[in-house]
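Paired with chain B in one complex and with chain C in the other, chain A is shared by the two complexes that follow.
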Partner chain A sequence: MSLADGSDLREGSTIGLPRGLHHYDLYPFWRTFLEDIGFRVVVSPPTCRRLVEQGCAAAADEACLPVKTFYGHVMDLRWNVEAVFVPRLVSLRPGTYTCPKMLGLPDMVRQNVRGMPRVVTADFDETRPGRGLLEAGVFLARRLGRSRALAKRALAKACGALRAFRGSLEAGASFDEAAGEAIRLGQATPRGANRPRPAQAAPMDPGTDRPDLSPEAKGCARRLPPRNGKVRVGVIGHSYNIFDAGVSLGLMEKLSRLECHLVTSEMLTEEEVQAESSRLPKEIFWSAGRRVLASATKFRREGLVDGVVHVVSFGCGPDSMVGEIAERETRRYSDIPYLAVTIDEHTAEAGLVTRLEAFVDMLERRRRRTRT
Partner chain B sequence: MRVTFPHMGNIWIIVKTVLEDLGLEVLVPPRPNPKSLEAGVRHSPEFACFPLKLNIGDFVGALDQGAEAIVMAGGIGPCRLGHYAQVEAQVLKDLGYSAEMVVLEPPRGRFPQLWDKIRYLTGHRPVGRVIGALRFGWEKLKALDELDKVLALGRPAEAVRGSAAAAHRRAVASVCQAASIAGTRKAARAGAEDIALTAGASSGSVTLGPPRSRPLRVGVVGEVFMIQEPFANQEVERRLGEMGVETRRALYLSDWVRMHLLPPPVGLGARRRVRRIREAARPYLRHFVGGEGLDSVGEAVLHESELYDGVIHIAPFTCMPEIVAASLLPEVSRDLGIPVLSLFLDEHTGEAGLVTRLEAFVDLLERRRAVREGRADRQGIRLRGDAPAGGHGGHPVASRPSSPTPREAHGCPLVGFSGWRRGPR
Partner chain C sequence: MAADGIYIGVDVGSVTTKVAVIGAEGDILASACLDTMGQPARQLMTGLAEVRDQLAAREPDASRTPGSGSVPVACPEAVAVLGVGTTGSGRTLAAALVGGDVVKNEITAHAVAALRLIPDARTILEIGGQDSKVILLRDGVVVDFAMNTVCAAGTGSFLDRQASRLGLDIREFSRLAARSTHPVRIAGRCTVFAETDMVHKQQVGHPVEDIVAGLCRALVRNYLNNLAKGKDLEPPYVFQGGVAANAGIVAAFEEALGGPVFVPEHHALMGACGAALLAKEAREAAEAEGRTFTTRFRGFGLSDLDYRTRAFDCRGCTNECEIVEVFLDGLLVARWGGRCERWERSTAAGR
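For the complex of A and B:
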């Protein structure tokens, strides 16, 4: 089958971005890029029960909750847009892959969801030269009938938005804050203009003396505010689990309502992830799993947190392995409590609240005990 | 150093042959059994895929018997197999075993790495000896796959249940004992003849039901471990064979070796098959997804043109590549009219449930065959006489009301590019 011609997707055509999976890693990038090459971008609404249910009906039974939710978002978009954008993210970093389900995503969505409009896709593969995010982005824009120069300008701006987005996340912003900020930054910049340095959220207390930190603590630790008597919980997991309140049943919000100070695995910079990963006998070849294990290792080695909560989707392949290594090492080399929360479409909110409350209570008790 | 390795079907015979030929002391773990499975499940990560749990069971069994090192396969992703060795090492470490793990994995651009491992394992024996041992192992692998194929064809024909399997066991034992390449070939030939004779001769003397032109033929596709290991797939091939169905695996281990390990002139046919599988899968799946996901889809499509009656797709529970395949196989089935049964199996799979599903599937295939041959109408009601009823003959694909339009057949159009047949430049 040859691919359909997309050049009739003219300036101003609407293109849908499903709010799921890679959305939580690359949304500002896609949005800035697609808007700059002349699309009107529509994002599906935040995950809700109805979306999850319709996604579950269309997806294979064995698929994990985030994939089913992604189906739900695509189904929500399908009647209102001229095309849905589902990239095939093969690899976002040389030497790593995304999950196999991401590799099959455009094909699965295209065939499993009835009444789909066109699916706009491209293979983004950093393991192969000339096929990375930027090169493939230019090629995609060409296939959609846009000029190379326009594509390059759009991509440069999208990269700026992505850098700003990562910067805010690393400084501890929530997804909505970080993405909103990054996209505003992109929109404020006129096409092709040189982008000013992103207004990176300043480190919370740079330079001040931090008695709660060991002298060798660097990076992530320096960016964290002092504990102020609160327990600090490290939340590790894939971005689409941590940030999508509809999938994680509002885990982040529930934890902060329990008076916890949260550190997520998304707050590590790429350099920190790399530094932790290179200590392993074999580096993890899933990009999300690599970050999860790196953050668990960093939290443990630097004693950054009082407890670790690992958000896992039921049946998640990468996390079944990575989580096991993280949990065993945390248990073997430290006394930091480790809670793995497995979530699927049947998980009840009350059960989750009970477990989180019990976990945080335990952390608080431990903290009081060690202080006296 | 006593070396052990995980089980996967008959592979133990080959690994044992090669390693012993190189002068290593080999400890074959007990065949997977309910007890080893129990140990594996208890110590493995909850959501690890089934093969890992069986591996752990094998290792615990072997280490308890005094093994000191483990030879394990690896990978470079995105399938989970690539991290099996690391997780297994963690599990064994926490259990208090101190076994050394030698991981053989495809080199990432640096072939010497793999070669160094082989050299280390073989205690720096001469290169010629290593190659000789590998050749001997390769001969046994081919022989064992051949015997499996003959058994899968002989079983539906056997009159005395289990007679073909008994002949197969005898043949495998003689291949196992063969001490040279020529001896292996001879044992394989004699064994194949024995199986065919046992099955054929016994069926010749007894007539079973109405004679049929040929038995139903089912292709077994899916994850490579689950297909090869009868304990893991609950002996799907035996069960189907005893229901009178010929089976053929999409991937025998020797095919895998031909496709991926042998230098081009030897594996040319196999490599051509790989290309055909990719092409066949293309309307449904345009990119590799790790493991055997792409192959499962492509093989299912090819099986339709190769006149198989149906396809059984076997995968371990939570297997990521096969979930992609399982999402797409219903579309293949709908477009091409070939029945597909996806089975996700793990330690919780009940025998009765599996048998029921297989029986229902075989019934469905029988009825389709009867409809096609004019022995029954579309509702499956038997027609009188043998003459084909008007309007019900022909191949089911040809006799479907209307052939689907490309849009229906392949989902909505895809815009952009995928599969990189035409590069970006």
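For the complex of A and C:
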């Protein structure tokens, strides 16, 4: 029996999903899928200090904080589930790759965490034909001893959940809102039903009645609520950094408490990301960096935000370049202030608070000045 | 003198605690600067008592309160405190104890204070006891800033330590640096290596003044390479914070930047002055809107009160946040430290 094999798992067995990394991109998909093919799904609790600490103790030194935290989640799950599902994300788009830590994630977890139950994995590699997300689903179902037909039906439902999830994120919902809604949608559909209800996307589209927008403004700009005198901050970074309050030290919440509107890089649709990426002389090599840079470019070109906060994990290889390009271009072609916040397990909360407060203060004072 | 009332600014830093009192025109009336010595609350009380005495000494009206005779009154009741601002890493504690109306970060406070003195300032260099910042201003507003992130290299604490290692008083250190003719080159990337380098230079036999001047240059180089990396530093330059007292550092900055660097007379008090100015701004803004502004200031008598700080780990969820509580004469005046709002109880408005 190979380590990845789970064909002996009975219907109703529990499979653990660690709440980290790709969780913030694909959770509604995998949860809906696994439940529909007959498994019980357990998700690790939200990131807290204890999880971070145990993850840091087990992970390789050079890993970034979100990877270390992922270990913590896996460790939390290991005694309570019959298998942990850790997909191998190789590429989310032809011509791009994820970072080496993501590529090796299932293997690293197997090797470094003691007392691991089975680690079930499935490759997701858009650079190769027949290795996309749907094929990964079929592969996973087969590994778990489920039929191809069952998998196909579950996939239709999972894709519906994923579309609903993306739609809500693009409309500005928080991760929890978007994921919760998408999963409820999946669960409301009877098991094995072929056609999920169409995704309820973008409920916040204010339509055309927006005197503050130019008629040409479309896409992201239209989905944003009006400023109402508040400053608008663009938060860019990998989804697992901006959405995981335990990793980012509550950066999003801290900014909200400072009374500013937030726009995240997750609010861009794939078409918008593609449109911005194609403006570059050469496309970004990294799957996640592509969206980060595209959102920085869009925010700058369309003047959508008063300032940009880039959340970076300390030691992130891809971001060391993507962040640099985003920062330089923002400074060179606009007067939008740019703050890079680097996070690791030693980051002091007080220092972060001071920086964010000073940043928002600066934006507010500038705004007041330009108005008078 | 201060007939129109005064504003108090408090800057509780890691190394020093500063209190500044400004008049309605923004001029400094009284000030105190003390070593924090790990006891910010105690030192804050002492600082407050000091400015009270200074105010009483310069207020002829206050000392002539009936019944007090020739003895100066302990509390200048005749002076109306119109607002209190706090800043620095201990700003929350300070606001809780003193009764702060405005709690602001150091960047904003420093910028506001510098702009009052030099309205066309474009670059503020600020080096304090344990942190350093660079603030870029254009047309009187902050447009960019940076704070040291990973280490305290090149801050006041490091200079203090190196001065004492050379057996010098920090004032003497400053004078010696100015005398150097051939500053040695010292690696400034990391303070540990800088120290190794200094030991080596001493053993080679370089005179102390050249080593000291070399150290100043290394510190400035480190500051410019780390904090100001990729930023356009444009004159006029203003240099504030405690380290601005060091002539060697000022000279090194002028050399590296190729232009004069202005050091305000009260360079160490700039944060506190900025906090006071921000309190003044808040009051004026409220009055302009027709709102009444009542200060939360607890009064100068505060220094005689008993205070206590206590911390506990919240067990409400797995985050186990450390919650800090401050009591004044047995009364809970502030509580903070949680990620959620469960324990939040702030005595201060705004930030």
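Simple rule for what comes next: the second predicted complex is superposed on the first by the 350 of 372 C-alpha atoms of A that agree within 3 Å, B and C clash if a C-alpha of one lies under 4 Å from a C-alpha of the other, contacts with A are read in each partner's own complex, and residues count from 1 in each chain.
Everything below uses one rule, namely that a contact is a pair of C-beta atoms (placed from the backbone, for glycine too) under 8 Å apart; a residue touches a chain by one contact, two chains touch by 3 or more.
Please read these numbers as outputs of a predicted model, since none were measured by experiment.
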{"item": "Clash or fit (per the criteria above) of chain B with chain C on chain A", "value": "fit"}
{"item": "Contacts of A:175 with chain B and chain C, given as first, second, both or neither", "value": "neither"}
{"item": "Touched partner set for A:335, first chain B, second chain C, both or neither", "value": "second"}
{"item": "Partner chain in contact with A:50 - chain B first, chain C second, else both or neither", "value": "second"}
{"item": "Partner chain in contact with A:366 - chain B first, chain C second, else both or neither", "value": "second"}
{"item": "Contacts of A:299 with chain B and chain C, given as first, second, both or neither", "value": "neither"}
{"item": "Touched partner set for A:30, first chain B, second chain C, both or neither", "value": "neither"}
{"item": "Partner chain(s) touched by A:70 [first = chain B, second = chain C, both, neither]", "value": "neither"}
{"item": "Which superposed partner A:350 touches (first chain B, second chain C, both, neither)", "value": "second"}
{"item": "Which superposed partner A:240 touches (first chain B, second chain C, both, neither)", "value": "neither"}
{"item": "Residues of chain A touched, compared between chain B and chain C (which is higher)", "value": "B"}
{"item": "Least Cα gap, in Å, left between chain B and chain C after the two complexes are fitted on chain A", "value": "6"}
{"item": "Chain A residues contacted in one complex by chain B, in the other by chain C", "value": "328, 342"}
{"item": "Residues of chain B touching chain A in the complex", "value": "45-49, 76-80, 82-83, 85-87, 90-91, 94, 108, 282-291, 293, 317-321, 323-324, 326-328, 331, 344, 406, 410-420, 423-425"}
{"item": "Touching residues (chain side chain C, partner chain A) in the complex", "value": "89, 104-108, 139-145, 147, 149, 230, 317-320, 339, 351"}
{"item": "Touch list for chain A against partner chain B, complex", "value": "1, 3-6, 9, 59-60, 62-63, 83, 88, 90, 95-101, 103-104, 106-108, 110-113, 116-123, 130-131, 135-136, 138-140, 143-144, 280-282, 284-286, 312, 314-325, 328-329, 332, 342"}
{"item": "In the complex, chain A residues that touch chain C", "value": "45, 48-51, 245-246, 250, 253, 258, 327-328, 331, 335, 337, 342, 350-351, 354-355, 357-359, 361-362, 365-366, 369"}
